[in-house]
Amino acid sequence: MTLFWILLMPLFGCLMALAARQWSRSYQALVVALFPALALALLVPLIPDVLAGEVIRYGFAWLPLLGLNFSLQLDGLSLLFTLLILGIGLLVILYARYYLSTRDSMPRFYAFLLLFMLAMLGIVLSGNLLQMWFFWELTSISSFLLISYWSHQPDARKGARMALTVTAAGGLALLAGILLIGQILGSYELSEILPQTAKLQQHAAYPVVLLLVLLGAFTKSAQFPFHFWLPNAMAAPTPVSAYLHSATMVKAGIFLLARLYPLLSGTDLWFLTVTLTGLSTLLVGAYFALFQHDIKGLLAYSTISHLGLITLLLGLDTDLAAVAAIFHIINHAIFKASLFMTAGIIDHETGSRDMRKINGLWGFMPVTATLAMVASASMAGVPLLNGFLSKEMFFTQTIHQGVLGSLSWLIPVLATVAAIFAVAYSARFIHDVFFNGQPIGLTKTPHEPPRYMRVPMEILVALCVLVGVFPELMIGSLLQQAAVAVLAAPPPAYSLAIWHGLNVPLLMSVVALIGGILLYINRKALFMFQAGFNETKAIYRFEAFIQRLVRRCRNSIEQIENGSFQRYILLLLLALLALAGAPLLELQQLRGQRAALPFDGLVIVGAILLIVAAVATVMVVRQRLLALVMISVVGLMVSLAFVRFSAPDLALTQLSVEVVTVVLLMLALYFLPHKSVKQSSSGHLVRDFTLASAIGVVVGSLAYAMMTNDSASISSYFLQNAKSGGGGTNVVNVILVDFRGFDTLGEITVLGIAALGILKLLTGIPRFMASADGEGRLWSKDRHPLLLAVISQALLPLALIVSVYIFFRGHNLPGGGFVAGLITAVAMILQYVAKGVDWVKPRLKVEYSTLIAIGILLATVTGLASWLFDRPFLTSWFDYFDVPLIGQIELASAIAFDLGVYFTVVGASLLILANLGKITTRYRPVHKEPS
Amino acid sequence: MSGIEWLIAALVLIGAVFVLLGSVALVKLPDFYTRLHGPTKATTLGLGSLVLASMVFFNFVQNELSLQQLLIALFLFITAPVTAYMLIKAGMHQKVTAIEVTKNQHLMQASGKKPAP
Amino acid sequence: MMELLMSIVIGVLTACGVLMMLRARTFAVMLGLTMLSYAVNLFIFVSGGLTAGKGAVLGRSDIYSDPLPQALVLTAIVIGFAMTAFLVILAIRARADLGNDHVDGNSGKSQEDSA
Amino acid sequence: MMASWTEKLIPTPARSVMLFVVWLLLNNSLAPVHLVAATILALAIPLITASFRDKHTPFTHWRLALLYLLKVLGDIVLANVQVIRIVLGPNRLLRPGFVMVPLELRGALPLSILACTVSLTPGTVSAEILPYQNDPNEDVGERFLLIHVLDLADEAALMREIKQRYEQPLQEMFGC
Amino acid sequence: MLTQIVFVAMLLIGLGLLLNLWSLLRGPSMPDRLLALDTMYINSIALLLCYGIYGASNLHFEAALLIAMLGFVSTVAVCKFMLRGDIIE
Amino acid sequence: MMHHLPILPILVPLLTAALLLLPPFQAKLSRQRWFSGAGLLLLLVVSVLGLVESSTGVSSFYLLGNWPQPFGIVLVHDRLAAMFVLLAAVLAFAAWLFSLGGEDGQGAFYHPLLHFLLMGINGAFLTGDLFNLFVFFEVLLISSYGLLMHGGGKARARAGLHYVLMNLAGSAVFLLALALLYAVLGTLNIADMALRINQLEPSQALLVKAAAGMLLLVFGLKAAVLPLHFWLPSAYSSAAPAVAAMFAVMTKIGVYCLLRVFGTLFTEPGHPLQDFGQQLLWLAGLATLLLAAIGVVAAQSLKKLVAYLVLVSVGSLISVLAIGTVPAIAAVLYYCLHSTLIAAALFLLADVIAQQRGTVADRLVSGRPLQQPVLLGTLFIVAALAVVGMPPLSGFVGKIWLLQAATEVSERAALWSVLLLSSLLVLIALTRAGSTLFWRLNRQQAGSESASLPQLYAVLSLLLCSPLLVIFGDAVMQFCLATAQQLQTPLAVMTAGGNQ
């Protein structure tokens, strides 16, 4: 439970930082620092137990279905990291109080910083791999926020994005690796998977697991060739660099390697990959560090190099190498953090980080200079400082390994070469900054920083010395327990002493020191050599890469999605052809069991009419009015087909819909060009024709197979129950208003919505008036031909009585609310055609949209009425009544429902057509009659 | 076949023939204005005869009261002149040419103008 | 063999509808969809098999045709009408807004244009 | 009082009668339920559609109207046979033509009935009522009926026939 | 016997429809084609009347009535379109 | 009243919408707003009740018109339906809230159309009848057409045309498939179809296969699976924000139908049609995922980017759905919830950002500073994290669960590489976009209008769902798992087990 609270402290701190935004800067820092301090205080009582070899655990199930438990564990390794994170974190908080200027938002900075601290603590305290990944990604995010803190600087933005991209890519690989481990070993709990080394390493997927995990670790720890993001992350405020890029985040990758050391190491693949990566990183980092003019750049490359060193150690095949690695983690964190702080102070005091400008600071800030010199000496591996000790162990292990077989001797040699460069860049840092003449062109006169800004440095440098002199006392047991955790066994004996006698490692150290100083003295030639390479900054290359990526993506998207509907529909049709046609090819015989009907001459005539009219429609499609007339023939013939094959209801509906559609299309035609130019190439036509024919064949064949197929259907139920259960003899109508009344409710809703949508489309449409038809003829001046006007008026009551008739007979004979509604609508349209909107509109007392609403409500409420009788929605009711003088009449809920249908249909049809008619301007241009 | 049925058969055939003749006229006549007279025949005589046949059939053969068919006739009688009127108006508006022998062709251009007596 | 004739009709209607849907102008596409919906309606209609009876009105016949597909077609016709209406107005709106009646809203000739 | 009450309830008796009959025709039935329904509809529909009706010259001569109708029906049947002959005969014998008939008749409804009659009787089609007018009830100047004739032998005779056979009875019927 | 005669009548009307289709395709003017379409409506009504006698069923009466009504409206609408362009103005 | 619960998610929006059309509401926008909100609140209550009821594990069948199955239309109210109904209600509530910022007044009938859309969506989720599904598809489509055009403009007209046309073609195909299925199986009830499929002759089975192929096309079109996805990017990016947010659930309807219809029809072990379409879906899903990720990188405006993000989620869902195991389907369900809510939030957020950037709007070019950079930046980061699948928001849970669904070597190789690569591309695109929108500023002054409160609350309420999906993650995941397990018991068996 304590562990839980320790983890939570930074989160509270983060929230506190945001809450305390009104306070003075010092109070802000203080209140923020309080939480890591509390965490440390909570941690201290646990230390003795951990140092005694105990592993403290805490956890509960979180998302057990994922295998993601909230699981914390504190062992030697996590203790070491926790101490680093909290300790250095506290120092950085204090340091940042002075570093940040008044223009910078302090709450934001501290919030991000503590968020990062939380994430980092989460990684090191995790007892569950997925949970570790959770915090791992959080570090990427929070570091992105911290690097981009000065978002007005392009370099900061780009650097942050690059860091995030690289580490997140690694994070994704790591996730895959972790998931694979989980799938192979059946758990993500460290306590359960770490003992299963053999099972994992014998699994076929082990190399994949290893590579994925290593990708995660290497990207995070800036290993070659993924190292490039780190120098560009230096755009972050220096406290961030001191914290993230020296002590903590970059160590997360190393931590991961150490954490999974028992599970993954021990194979040749591990040795080779990790060693070679570490070695190359060590060399690359050390080499490039020397040529940096930016102090932080030098430190960044140096960090890369040291991270390579630690990785190399973890890759070596001796157990003590792992101990050395842990030891160097501590040492590097201490001296590198203090060096970054130095860089920050120099930046703060001089306004520059360019070593070509900054010279002779010894004269301005001797105390800082002294501290920095001690720290860089540690970095160079000078005896009596902590850096020396771990470097000695490192040299020792390079000699005792056999990773590269007969070429293993290369490792100590290259290690020495790297050490020479390390000494050289350390020397450069000291000489070039603190000596080497006078500053050049600085904007302000440097002096010692504020008192408390230096305190963190002082503490760290003191630690360098103390560890360097009294290693066993300072960190002996901690190192021991950390090693136990990494090796999953007590490490072999080793001694933490300053003096191990005259041996090869000492010789290597001496060579490095002397060689490094010589190299620095003769640096001119090397600088000239390096200047010959025209390198571009990684962020520019990264930016260019991203630009290229974006361009390439854009090109491919534009090629695929070219905005052409014809392509889209073509693909859809091809898919249809494939999906519906393929099973047909397998079909042995299209014809089914059902007996066929004989055909007669009349049907052939009908088919000819239909086919010819359809084909003609296609052929004259560019003469639009003609095409419209042709398609009316098709519609008429389809209606007649419905009559012929005993579907009178369908015929009625098709006929009435047909006329409304024609009127609608004609209205459309007025607003669209009356003719269209021929544009298709014959190639396209052939393609389209082939596709259309193929689909026609497929659909026709399916229709044939379907018609001749003999299957039992649920229809007999409807025939049996229409009269007794639905109260009507027209089964089709009973299905519509009763058995499947819910469909009908949906259907009229569709119609109503369509009308609303159309009204919406028509509002605000530019008013339109074409002065002549497609042939350029002026329009006739007779707006409302007399005969039409008179006869239309006479037809209205006739049509209404017909629609009443059709409505009422629907339940028992063909007809119903829908057809009745359309007849009413058509009769009204005729009034519009004959007399115009201006005449009709004032005579109508009801809004069409209200009519739609009433219709839908009527149908719905009819359905709801059945609730009163505790029946489901739309349960129908009907009964027969004897009325004196009149006789028996039937009353049915279906009539009310159908009335709803009627109103909706009338409202919707008229809403559509009348409003479409309104969009023309009332007055047409006066034209001269051609004489 | 009873006498009623013969009557029906005759009416049906007369009706069908007139309907067909109307359509033949449509194909055969030389210009739009003359063709326009064709369907009027089909409407009036052909359909009238068929309506009659149908009524006789249902009332006397099927023995059910059926006068609905009259409505169809009524409807057509009301609408056919309007259709013709609108069609010929459209034809004259589009300046569809009449055959040369047509007398008083200049009157076609009279639409909209007060004609000279 | 009525079935064969009907299949041919459905096939031809489908093919004509598809062919018009592949044109570049909204009007042609609208006609194509209308034609296609004729085909589809007939297709649904015949899914219960062809009957030369007298419909599905009880007491008017001894063989009843399958009433369910008829009811489905009715629904499909109405919905199809609603959709066509919306499409027609949308085409008008598109023409008003975009200045042309191309399905892609561009007046010029993109690579796949055809009338 | 009484008159205005009926006028309000049955604004157009002719229309109501027609609707009553049409309903019974539609239903093929004289059952009480249909008689009741027919009555209701014959009363209700004219009221509902009242606003969609232009005011026309009132017409009261029922007997004349019936006679007119019978005369037209007779003309249709008789003339048809003759026209069929023209239609099916060789095209070169055709003598089509346009005729402009000046009219004394006024009012939208009578004019329309005349035009319809002309169109229904075989061999002639009403092509235009001139001049166009926004309000057809307003009597301004002269009115003409343009007719297309299938077999125009004698222009004057045709005009005379139309005026005598159809225009005059209509004038009597509508009292104008 | 009556049914056979009625069927022959229907074939005659069907022939009429084919002739209408021919007129429709031939044109030449738009009013010509529209006239052909209108004739088709009328012939369809005739066909339905015969079909009613043929099948001894007056279930198709409404279809015929509707063709009469709706055919008229659509013909008139197309005419109005040719005359004025805007059919509802 | 409780036994009417299954139909309430359909009736409540229907009645609300219809009443909204009456003159008293049409007269004043404010009245419409409050009535619409009240309707949504009621719907939320009903949906939550439905969820609670369904979580007992008992599926209820609502027999419309009291006609027995398979003759009448039946509604199936089980975990799956209840879950999606609630999701739609939450989205609608956010869309409503957001529109109070003034968007609802930019065209007529916004509120009624929103409710009609909900009716269609809920109907599609609840129905157990294939033709009724078609009807509700049309209801939701026609409403979506209207809503898509809300506010007008060229881009919407252009996108709308393609959207409508594609869907009309889709509807035609749906009807063909329906007819074919009816012809062979003689029924429209999905569960009944499943029973009858198992008794077919080989030739009939082939016809069913053709129909199933067409259904696959239809649902694929709804879900916007490659190569049927083309309508989506322009339609979603051009729609009004509240509408686009509501649309986020529309692709999921395709996914839902694949689960519901295919999960019921083609489950019989050993049947030639068992697991029909899975191979196709697997490939199409992966291809969609990849293409969508490319689209995300290529996007030149934030809305377009979000539209492609919707496609990314579609690809992920479809490919994992094709794996078909219980955990895979559970993961799909969880990811559905997550991705829908976040996509909706992003559409809304994109608009708020666009409003403050003046003329450049949401285009990814340097613009003037935002009026509320910190607030919007934070919201953007939160949404971005969720959508990329980085901790601590729901995206990571969903992503891990999806990845874990792949257990075969080949599945892993394909799914993991594609999914992770697309995650990376999305991350690159989002950091680029965020950096451009918030940091690459020109010298103009920030505008003066800050986002309206309803709009912010709408974004917040949707984004808040993401942490909630993590905090109550176990409960949600257990629900999803139980749902996936429930789906393994075919509807047909349940239907045979207990009618009503």
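We just call them A, B, C, D, E and F in the order they show up, numbering each chain from 1.
Criterion: a contact is a pair of C-beta atoms (placed from the backbone, for glycine too) under 8 Å apart; a residue touches a chain by one contact, two chains touch by 3 or more.
Everything numeric here is computed off the predicted structure, so don't read it as measured data.
Visitor: Note the shortest touch-path length, in steps, from chain C to chain D.
Guide: 2
Visitor: Both chain A and chain E are touched by which chains?
Guide: Chains that touch both chain A and chain E, as defined above, are B, C.
Visitor: Farthest chain from chain F, going by the mean of C-alpha atoms per chain?
Guide: Here the answer is chain D, farthest from chain F.
Visitor: Please flag the chain sitting at the greatest distance from chain E, going by CA centroids.
Guide: So the chain farthest away from chain E turns out to be A.
Visitor: When contacts are scored as defined above, which chain pair ends up with more C-beta pairs, C-E or B-E?
Guide: Answer to which pair has more contacts is B-E.
Visitor: Determine the chain that sits nearest the middle of the structure, using the mean of its CA atoms as its centre.
Guide: Minimum centroid-to-centroid distance belongs to F.
Visitor: Approximately how many whole Å separate the CA-defined centres of chain D and chain E?
Guide: Taking the average C-alpha coordinate of chain D and of chain E, the gap between them is 24 Å.
Visitor: Indicate the whole-number Å distance between the mean C-alpha point of chain C and the mean C-alpha point of chain F.
Guide: The mean C-alpha positions of chain C and chain F differ by 28 Å.
Visitor: Per the centroid of Cα atoms for each chain, what is the distance between chain E and chain F, given in Å?
Guide: 48
Visitor: Could you put a whole-Å number on the gap between the CA centroids of chain B and chain C?
Guide: 32
Visitor: Hey, what residues on chain E touch two or more of the other chains?
Guide: 10, 15, 17, 30, 34, 59, 65, 69, 76, 80, 82-83, in rising order.
Visitor: By the touch rule stated above, which residues of chain F touch at least two different other chains?
Guide: 131, 135, 138, 142, 145-146, 149, 152, 161-162, 165, 169, 176, 179-180, 182-183, 188
Visitor: At least two other chains touched by the same residue of chain B: list those residues.
Guide: 24, 36, 38, 64, 66, 68, 71, 75, 78-79, 81-82, 85-86, 88-89, 93-94, 111-113
Visitor: For this structure, give each pair of chains that are touching.
Guide: A-B, A-C, A-D, A-E, A-F, B-D, B-E, C-E, C-F
Visitor: Once bound in the complex, which stretches of chain B touch chain D?
Guide: 18, 21, 24-25, 28-31, 33-34, 36-38, 40-41, 44-45, 64-68, 70-71, 74, 77-78, 80-82, 84-85, 88-89, 92, 98-99, 101-105, 107-108, 110-115, 117
Visitor: Any idea which chain B residues touch chain E in the complex?
Guide: 1, 5, 8-9, 12-13, 15-17, 19-20, 22-24, 26-27, 32, 35-36, 38-39, 42-43, 46-47, 50-51, 53-54, 57-58, 61-62, 64, 66, 68-69, 71-72, 75-76, 79, 82-83, 86-91, 93-94, 96
Visitor: Which residues of chain E touch chain C in the complex?
Guide: Where chain E meets chain C, its residues are 55, 57, 59.
Visitor: Using the touch rule from the top, collect the residues of chain D that touch chain B in their complex.
Guide: 22, 25-26, 28-30, 76-77, 80, 83-84, 87-88, 91, 94-100, 102, 115-120, 122-123, 125-128, 130-132, 141-142, 144, 146, 148, 150, 152, 155
Visitor: If you look only at chain D, which of its residues touch chain A in the complex?
Guide: For chain D paired with chain A, touching residues are 15, 18-19, 22-23, 26-27, 31-33, 36, 41, 45-46, 48-49, 51-54, 108-109, 111-112, 115-116, 126, 129, 132-133, 136.
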